[in-house]
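As written, the chain order gives the labels A, B and C, with residue 1 at the start of each chain.
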Amino acid sequence: MKKNLLTFLLMVMLAPACSDNTQVPVIRLALQTEPTTLDPALALDYSSGMITSMIHSNLLRFDEDGKIVPSLAKDWSITEDGLLYTFRLSRNRFSNGRLLNSRDIIFSFRRLLDPETASPRWWVLGALRGAEEYHRGGSFDKNSLYAPDDSTVVIRLEYPAAHFLSLLSMPSAGIVCEEEVISAGGDYGRRPCGSGPWKLSEWNEGEGLLLVQNTSSSDCNPEIEGISIRIIPESMTRIAEFETGNLDILEVPRAELDIWRSAGVTLLEKEELSVVYIGLNNDKYPFSDIRVRKALNMAIDVDMIIAKVLFGAGQRSCGPVPPGLSQGAKGEDLYRYDPEKARELLADAGLADGFTMEIWQRENPESGRILESVQGYLSKVGISVRIITREWGALKEAVDKGTPDAFYLDWFADYPDPENFLTPLFHSSNRGGGGNRSGYSSPGVDSLLEAAALSGDDRLRKEIYSEAERMIYEDAPWIFLWFPVRYEVVSYRLDGYRIPLIFNSRQFIDTRFR
Amino acid sequence: MAGYTLKRILLLFPTLFGVVTVTFFLMYVIPGDPALALAGERYDQQTLDNIRKELGLDQPVIVQYFKYLGRLARFDLGRSFTTGRAVSDSIRERFPKTVILALSAMLLAVTGGVLAGILGAWGRFPWLGRPLMGLSLVGVSIPVFWLGLILIYIFSIKLSLLPPSGYGGGSVRYLILPAVTLSFASMATIARVTRSGFLEAGNEDFVRTARAKGLGESAIVGKHLFRNALIPVVTIVGTDFGSYLSGAVLTESIFGWPGLGRYVVQAVLKRDFPVIQGSVLFMAVIFVLVNLVVDISYGFIDPRVRLKEKD
Amino acid sequence: MDGWRRFIRDFSRNRMAAGGLVFLILIVLAAAFAGLIFPDGADEIDLDNALRSPSAVHPFGTDPFGRDLLARVIYGARISLGVGFLARTISLLLGLFFGTVAGYFGGRTDSIIMRLADITFAFPALLLLIAVMAVVSPGMISLFTVLGAIGWASMARLVRSRVISVKEYEYVEAARAAGAGHLKLAGKYILPQCVSPVIVVYTLGLGMIVMAEASLSFLGLGVQPPLPSWGRMISNGIVFMRSAPWLTLFPGLVLTATICSFNLVGDGIRDALDPGSKRIAARTGKEGMIRGRLQQGL
């Protein structure tokens, strides 16, 4: 056993050194940024969230199509009023071999809410009864979360939340192993222990991680011995690595799409659950004037930008909710490219001579390219744009304070539900740091969103969201841009791999080697 | 000499103290709240407050400063805000890799540079001089990041000879491209300086005497010229090596080398105060130490410098 | 002005240096009259003409927005050269002032200034730059201010060492004995002696600043769009390295040629001014200092 492990490790170590070695049953990936932590309570960014959810499992999980399927919980029931959730656990083990029981769920959830953990994602369980008070430093309501026996967990909510099961499937609600958290001290994020299909074997800072199969997990993929994840910041370098056969999966940068399309390889394509937009500061003149906001939407030829700058890797958005999640406003197109109309609207608003505005962005060559073309289009209707680049911290601080006129941002879904796009981005209670950074505020939309959250009927809920989305689209709080499409190429030796709808369901459970 | 060395070592402390203090207060001048960067895209005031408290940012700046100095006195660099990892652990993991890259680049630069310089100056191959010096001129002038990209394009993408990036567990194949890229400018400078050093020394009296005495060319080169041409080379090695050791950001980013340079840039972008402070201090220590060694080594190579330092 | 004539003669005999100068003059002229050569500017977007390969109409090809790359490179020269000259001038002024003060007065003043110079050297330039860009708005102004501010230390060291040796010259002693004030002594007798090494270091440093500006822009910390900067053009072109290699090739070539020319001209001036100065510069390694901090240190 020990010897086998040693040979395996040796093989893994040698693997990247020889490009022709395709025998090692390890999937080789590359990420642009290194995960910051693998602690579910603290993981925030794409890399951390993705790897955290490979290592930890939740009560439920999303499958590749974003559907909620059982994971640790084999079944569950919800009371009529939507307040009491009862989960029955299946038999599972942590990667250290210990049997997972209901107390681990309670420990993990309480830890997420504990103010001392200072989790940025505590709101995932914010609907629990008394959770907000506990997070503010009050006492914990033991009746909101308890375990009648070793394999049952009961959760009581403050108010019904139709998307609660989705929240439970997010990486932040991953189940951690209590004794490992305690023994790791402050280092749990680098020594995680979960019951997911993979466990962390090595983490060389700045270089990459090696995950190996977690044989004690019920989701274990016996055909794949491990996943090596390298950190490669430059996209050109990632391409070179794929071309030399050192990677199994490559996200194709848009600038290279034409090359790969004509190369005869299979390009996997997926509309991601995310939206790209230019938020307008709705509180600030002239963007407080709806005519100006509409004019801005009409002054930009979004289709042309998608075709030429994104090389087709996007779908123009008529509303904030990606097509996978809504069936509402998609049909109507209120803001077709029409510079004449835009100029008229500006003249109506008393701005016939144009004006100067700032668009803020975070430092990134691609968004720079996009904003340069936006700048070009707006100059044609007399609006001169100054592009202000700040790194993420400074940009967020300024945007949340409402300083910039406009800002170029994107929003990634944490769970596949229109609620995740509409409530944080447009409910007036979330203005600023809550997600509604354009400061949009409409009592009508607010009440629709509140009604939808309370509704137990899924169809009715979707209809209410569609209506809210239509109203938002008409008010044009943003310059609506597009829903990005993700392209990946996969080495010939992988089989059964699909791009998941949501990034945190990339668990490689069904992937095989040919 | 010992007195001079001691004095120089004592002078390091005010410099380092200055670096620590400037870095610390610079952090608080920069807009961009580190707690905000950790709060994610969706947060409330309470979350921010909890994070600030957790990181100790809720105290007055001056209290934080003295606490920081207190920790430094115990050689504790603190934990990263973003990853929660001890800064000293990260530096310990990354520094050896930076050293490997820096050492191999310097080695390449010195051997290649001195060799090219001698060949360029030596009368035996007059036709070699111009092309070598032209090449070295391009070498000093070519931007590191552009050179790196071109090397990846040629050797990895087109010829598939060398891996384009990564550390590869220390495998030499992975080291070649980044080391060559990083060494290029130093190599070119060293070649130029060596050549002019040799040419000048060749005109000096003692060499002419030696030549007149009928000593062979190689004996002259080996015995008399080498020592004279060496001093400027040492200077360049010193300064360049010092800055290589504090991490070559551009080379590291292009080749995905897990060294110190990327660590600090990432930290600056994320407002990770403990990491910035810790690694800036660490780099400064390395930089001044290398400079000190260089300055002292002059005295051993050239006694004249020793005399000059006395005034 | 016999010395001046000899300088011209020596300089123009150095064919490489003269070639470098001609190239620089061409670039400066093109940058100055860019508006005449390309009256439409370099920012007009024409997505229909995106990514055309080099041809007679577009000698350098077009970028992803259909803008003429040659026009962008020429307009970009304004940024790169502008940042270079301004930054070096700031370094020069600061360095002259502090170097003279340190060398002239010596003692405590000297050691304080030299400690400050040490701190500047030991401080990662990139960090300072990001800090300033965050406080001031990022862009050209913060770029040359910071690059200029970083360069003061090496200039000050050079001036200081020169001042210290000149101070002891007999005619300076004589002037002091005759009752000349500090200002007159420094301005009339000491500073003129520093001119030649300072000019050389100034010119050589220009190339380094152009390189530093490109490197920073490459890291995304330079000037803001749509201003064309060579470094940003290269950095934006990387993803097109296989589909449109001209996007990185031409700006890179022009950038390298420009830095090359500054180095050639700097060397040429040094040789023509004073053949002996080569030795001093090489020995004290000032070039190495500047390059070490600005290029590798980034």
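A few points about this structure:
By definition in this document, a residue touches a chain if its C-beta (ideal position, glycine included) is under 8 Å from a C-beta of that chain, and two chains touch if they have at least 3 such contacts.
Only a predicted model underlies this, so the values are computations on that prediction, with no experimental measurement involved.
Just to note, of B-C and A-C, the chains joined by more C-beta pairs in contact are B-C. When you average the Cα atoms of each chain and compare centres, the chain farthest from subunit A turns out to be C.
As a whole-number value, the distance joining the C-alpha centres of subunit A and subunit B reads 39 Å.
Inter-chain spacing, taken between the CA centroids of subunit B and subunit C, is 21 Å.
Our note on geometry: subunit A versus subunit C, Cα centroid distance of 44 Å, whole angstroms. Residue positions of subunit A with contacts to 2 or more other chains are 234, 236, 239, 363, 391, 394. For subunit C, the set of residues that touch two or more other chains comprises 130, 134, 235, 238, 241-242.
Residues of subunit B found to touch two or more other chains are 30-32, 149, 157, 253, 269. Interface residues of subunit A facing subunit B in the complex, by the touch rule stated above, are 13, 16-17, 19, 36-37, 39, 42, 44, 115-116, 118-123, 135-136, 186-187, 189-190, 204-208, 230-234, 236-237, 239-241, 243-244, 246, 363, 391-394, 396-398, 400, 411, 424, 430, 433-435. Partner subunit A is touched in their complex by these residues of subunit C: 43-45, 47, 50, 64-65, 130, 134, 137-138, 220-221, 224-226, 232, 235-236, 238-243. Touching subunit A in their complex are the following residues of subunit B: 30-34, 36-48, 50-51, 53-54, 79, 82-85, 90, 93-94, 97, 149, 152, 156-157, 160, 163-169, 171, 173-174, 253-259, 262-263, 269-271.
Of all the residues in subunit C, the ones that touch subunit B in their complex are 16, 115-116, 118-119, 121-124, 126-128, 130-131, 134-135, 207, 211, 214-215, 218-219, 231, 234-235, 238, 241-242, 248, 252, 255-257, 259-260, 263-264, 278-279, 282-285, 287-289, 291-293, 295-298. Of all residues in subunit A, those touching subunit C in their complex are 234-236, 239, 253-256, 258-259, 304-305, 307-309, 363-366, 368-369, 371-373, 375-377, 386-391, 394.
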